[in-house]
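Below: one structure, written as structure tokens.
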């Protein structure tokens, strides 16, 4: 088996995640989709690391994880505070950005 | 490498940050601290600018006190500064005017009266910090020798100016003054941004064109050297397009007719001090840049477009003066007078004679000083009565003779009375234009009659005649206000009778510019043997 | 080329991963989505391990699946375990466009990968010679030390940010019970205590509303969280039905004429009635 | 000795600075400082004059160069003074008459609260006027030229609270500016032609230039002269300028500043001599103004405006003489000096009369003042005699020479000019006799002033009468003194050149004719105003009279041709600026705003829509990247 299959897998997961962001309305699920996209790219990075034979890709994946953690912490906090004020976790209910 | 220039630019920048960070509060003591700090910073800047002027050797190389710090290496951008004669005097002008503007606007940023006006704890800090920020950016623009650095600061200047115009009015507007002010601020921003965008395209274009010929740099001296030595040859069509890109931005900023309509709004709605910053300092960057960048980088295109530009500036001279005559609002009148004067400056630059360009450079300085005097006194007047309309005044000289006297001096300087500084520059511009384009020179001379009309009509309507009821009891100039006006008047007189102090510095740079465009002055038809006027026949 | 073992492992894991992802996408309830995602993550962790990224694999399991997914679950709990998306799309064309974009994107990526010449894999045996963790550590603390420090700052900022975001500013002093009581009297909206939930022999649960004398539902008797989620279990209809039957049987036994029989509360209107105004609404 | 030349200017300049910047502390004695400095300047002038007389004619001109004012490559302007015979005449006239008028003003302005400032302005005027006549190049001359314009502006509008004064001041400045424009164009032409604008080099090289260029330069100089000297067509400001205090009218608008045009033409003799067409223009301007001013002078009831008309007319004589070329220059200057004496004297007399009559200016409200103001009367009478050319008084000598020279021009031209000059003489005699008769003779026609007080005429204080007496001496003797042995002519000749004219008949005949003309004018005036009572209210009069009262409709003309269209143009442009240019820009903004109003509907506010567009954008990017790669 060619390890490039890992990349195909990553592409597939990424696409599923991206579609999820577009389709789902529950903010928490939306976030999970984002996490899936990040994981997909991590998988690609790890595979690239293997491809090139150095560890820089893994380092990058590591940083991605850290940043993802930060993002989740802040994002979930935002969801909680939105839920508190609007009693809804649907992103379609927060549409004040339109004029 | 000396650090004088970077210090000159850094001090006001640091001062802006410091002033903005001072503890907030609406107490009088807090505000006074803020103002004192800002004033001290601007005074220090003035000291540094004087040091620059003193260290500048008129007979030395074009760019002196140069500094260079690598910035974006991959694009050949470096933060490089260098003072030439023209930049030095304009930097000096800036440094002189800013403390005076601050002093003049001492109370402009005090929290306004309670009637619904914008009130903020950080209002005073903001006002003075913004002025210092403008000063820093203008200084960098005058001293930058890197096209990209110049561009960045040329544009960045808009941000503090936008807030100065939009946030701080003169409390003399009508009921919808806030709306008018934000209109003026947005108009200012949009006009200048448009110009800046076009210029950005041209800057990039220049880099690409230069890069194609192995001159991938933004350094102005390197580019001009390459152009004048023929190492860099820009195709005429491309050159014209790039020239127009640069010129458009500068013509908006300057402003040149018909791109001027933002100026009366901006000057009319902002405080007198901000108006001075606009017309006397910020706009000068436009004319300065025409002289330095347009001519130096695109000599052939400059020559191609010179006649057209001269015609536009001529229209500006006459048009600005005529519209000024028809104004009902004091500050707008001054603004249109400035448009007329900018016509002279641009005319002097593109006449491409040594008299014209030296005159134009002096004009920038003199116009800065004289308009500052005129505008600031007008501001003092307006602050007393709370109206900008000429019709609301009359007979002020009876109750406030010193105010009226200084206002008259400002007006006389504006109409270029000999003995006052603007005369020297205006006459040089006229002579310089006349020797190459006689007809344009003669028509421009009508400008001096029109200038007399608007300046004296304004004086007559506001200051003379029977004392109007609304004016009775108006206090004369206070000590602070005198301290603002006195240096300006003194400078106007000094530069009027002894302009050599400036021409000595300016002339070599002008000659260098002229040699860049390969222009020599037209020789007189029948030159006299000795031009020394001292000899009797 | 990889070993057969890895190939087998890959195909198994790939199926689990994609299945998990699709499950996450399609499950109605958030908690199910979270579980699906956890499955995907775990299989990815194994993929990492298989590819020589030992450290990352472990981190993926411990930090990602262990910590982050738990965080998700906590929030799901906070927001409502069983709250479910109505999968009906409200934005016009959104779903079609999303699917189109997704498919297009996937096709593009895969086409791009197929075009790329990725035949030679160096492998990590050399890089991992000193051990994967040591190799990573060497890089992190030399070449990427600056990024590492910045990331640290980012994490702290994020932590503080989360605290700030979820922190409720205490604007006024907390009221004592006595003050609350006084306030209730003053407001005169709900002076006595709220009704207790309906407790019947069959149902000893908080989600069953009490019935008012006229047979309608007293919504106040159910806690507000359940009310928000719409998880009130209404059993009144059944009860009324029984009462009616009882009445009927009694009447039959007594032989009352049909006109003299008492009427039990008619068609229910309980949940349609306007609920008692809550305090905020009253204000 | 030459170092005195800058001091000549510096003394009054210092006075001006001191008085204008100094505080109220100077209110009490500031006027004496100013007077002393003016006198000091006069003393310097005398010393320099004595020094100059000590040298022979060839070496009398000296140059004192201070520093280079504007150095820009070829353009070198110096602050440099040149004192030659022509300049010294002016210096003495300016400082001499100036000192006297300072003295007079001490009395005249005694009760004005802004007296200190008045004297500051007077000193400023002296300094500027001295710069004008001492400059050795046209640019410095221009400084003085506009400087006197400024002083004139400030002094005409000294009583700024009167709207009429403020308007008159502005008008004077602006009309002068039109003339100044001529001067600046002339300087530009010179620079373009010769590369210099200093007197010496330009005059030296003038011969090389083409006729057309020289004519252009000369005509531009003439335009300047017209503005400053109130010659047709730029004459309209002088009458209004009488709004200023009377000493100002005497010094600036009679004796010195208004004659600067004559100085300019005489100074530029080297150019004019080579441009005959321009000379013809000068002569025409002079002759027209001569008659014009005289006619206006006849119709005015305001004593100062009558004198102003006379000034215009007399300067017309001078300009005409200067236009005649070398035969006339010296006489123009001579008439200028004598005119300086008697016209200043007349104005001071008029001031004295007004001083005694509660500032009444209408001559129809005077009458019979002879007995109440004897000194004023006699000095005024002597001045009048000098002005109308009464034999042996100053004006007789100088005017005679001009009429002589006009005839000497030869041909039809000579005749026309001569007859114009003689006509002028008749009218001059008429209007001056009218002034004297209306003011000092006849019955009292005094009217109560605004507060209802009848005037109590009285003789003016010593500070006022002494200058009048001194000037009366000048009016009587100066002309004779100058003519004696042609001393004035010989003195000026090295500068102006001289050429003896050959009139068609003997100069004694001219004198006799002129005297007869003068007597005719006096007689006519006596018939009209001396015999019967004069109506207090002016009769309607003929069409010409009414036109002359309105300055021969010059203001109406200017108003209709320049002011009205000008302000209409300004108003149109204001409209165009806000509605046209700005309207275009705002319209553009509105159009873009409308467009974005439509576009913003894309912004639904739903996060997922934005996410979709981002994703779509990514899709496009990836696709284009791949495409670019594969191509």
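Just so it is clear, A, B, C and D label the chains in written order, and each chain counts residues from 1 on its own.
By definition in this document, a residue touches a chain if its C-beta (ideal position, glycine included) is under 8 Å from a C-beta of that chain, and two chains touch if they have at least 3 such contacts.
Because the structure is predicted, anything quoted here is derived from the model rather than measured.
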Interface with more contacting C-beta pairs, comparing A-D to A-C: A-C
Subunit A-subunit D separation of Cα centroids, rounded to whole Å: 88
Intercentroid distance (Cα basis), subunit C paired with subunit A, Å: 17
Subunit B and subunit D: spacing of chain centres that average the CA atoms, whole Å: 36
Centre distance in Å when subunit A and subunit B are each reduced to the mean of their C-alpha atoms: 53
Junction residues of subunit B, two or more chains touched: none
Residue list for subunit A, restricted to those that touch at least two other chains: 18, 22, 25, 92
Contacts with 2+ other chains: residues of subunit D: 604, 606, 608, 612, 615
Those chain pairs that satisfy the touch definition: A-C, A-D, B-D, C-D
Interface residues, subunit D side, partner subunit C - complex: 604, 606, 608-609, 612, 615-616, 618-619, 622-623, 626, 629-630
In the complex with subunit D, residue positions of subunit C that touch it: 91, 94, 97-98, 101, 104-105, 108-109, 111-112, 115
Complex contacts: residues of subunit B adjacent to subunit D: 187, 190, 258, 261, 319, 322-323, 325-327, 354-355, 358-359, 395, 397-398, 405, 412, 415, 417-419, 423-424, 427-428, 430-431, 434-435, 438, 441-442, 445-446, 448-449, 452-453, 456-457, 459-460, 463-467, 497-500, 503-504, 507, 511, 521-537
Subunit A partner contacts - residues on subunit D that touch it in the complex: 600, 603-608, 611-612, 615
Contacting residues of subunit A [partner subunit C, same complex]: 1-9, 11-20, 22-26, 28-29, 31-33, 35-36, 39, 42-43, 46-47, 49-56, 58-59, 61-63, 65-74, 76-81, 83, 87, 89-90, 92
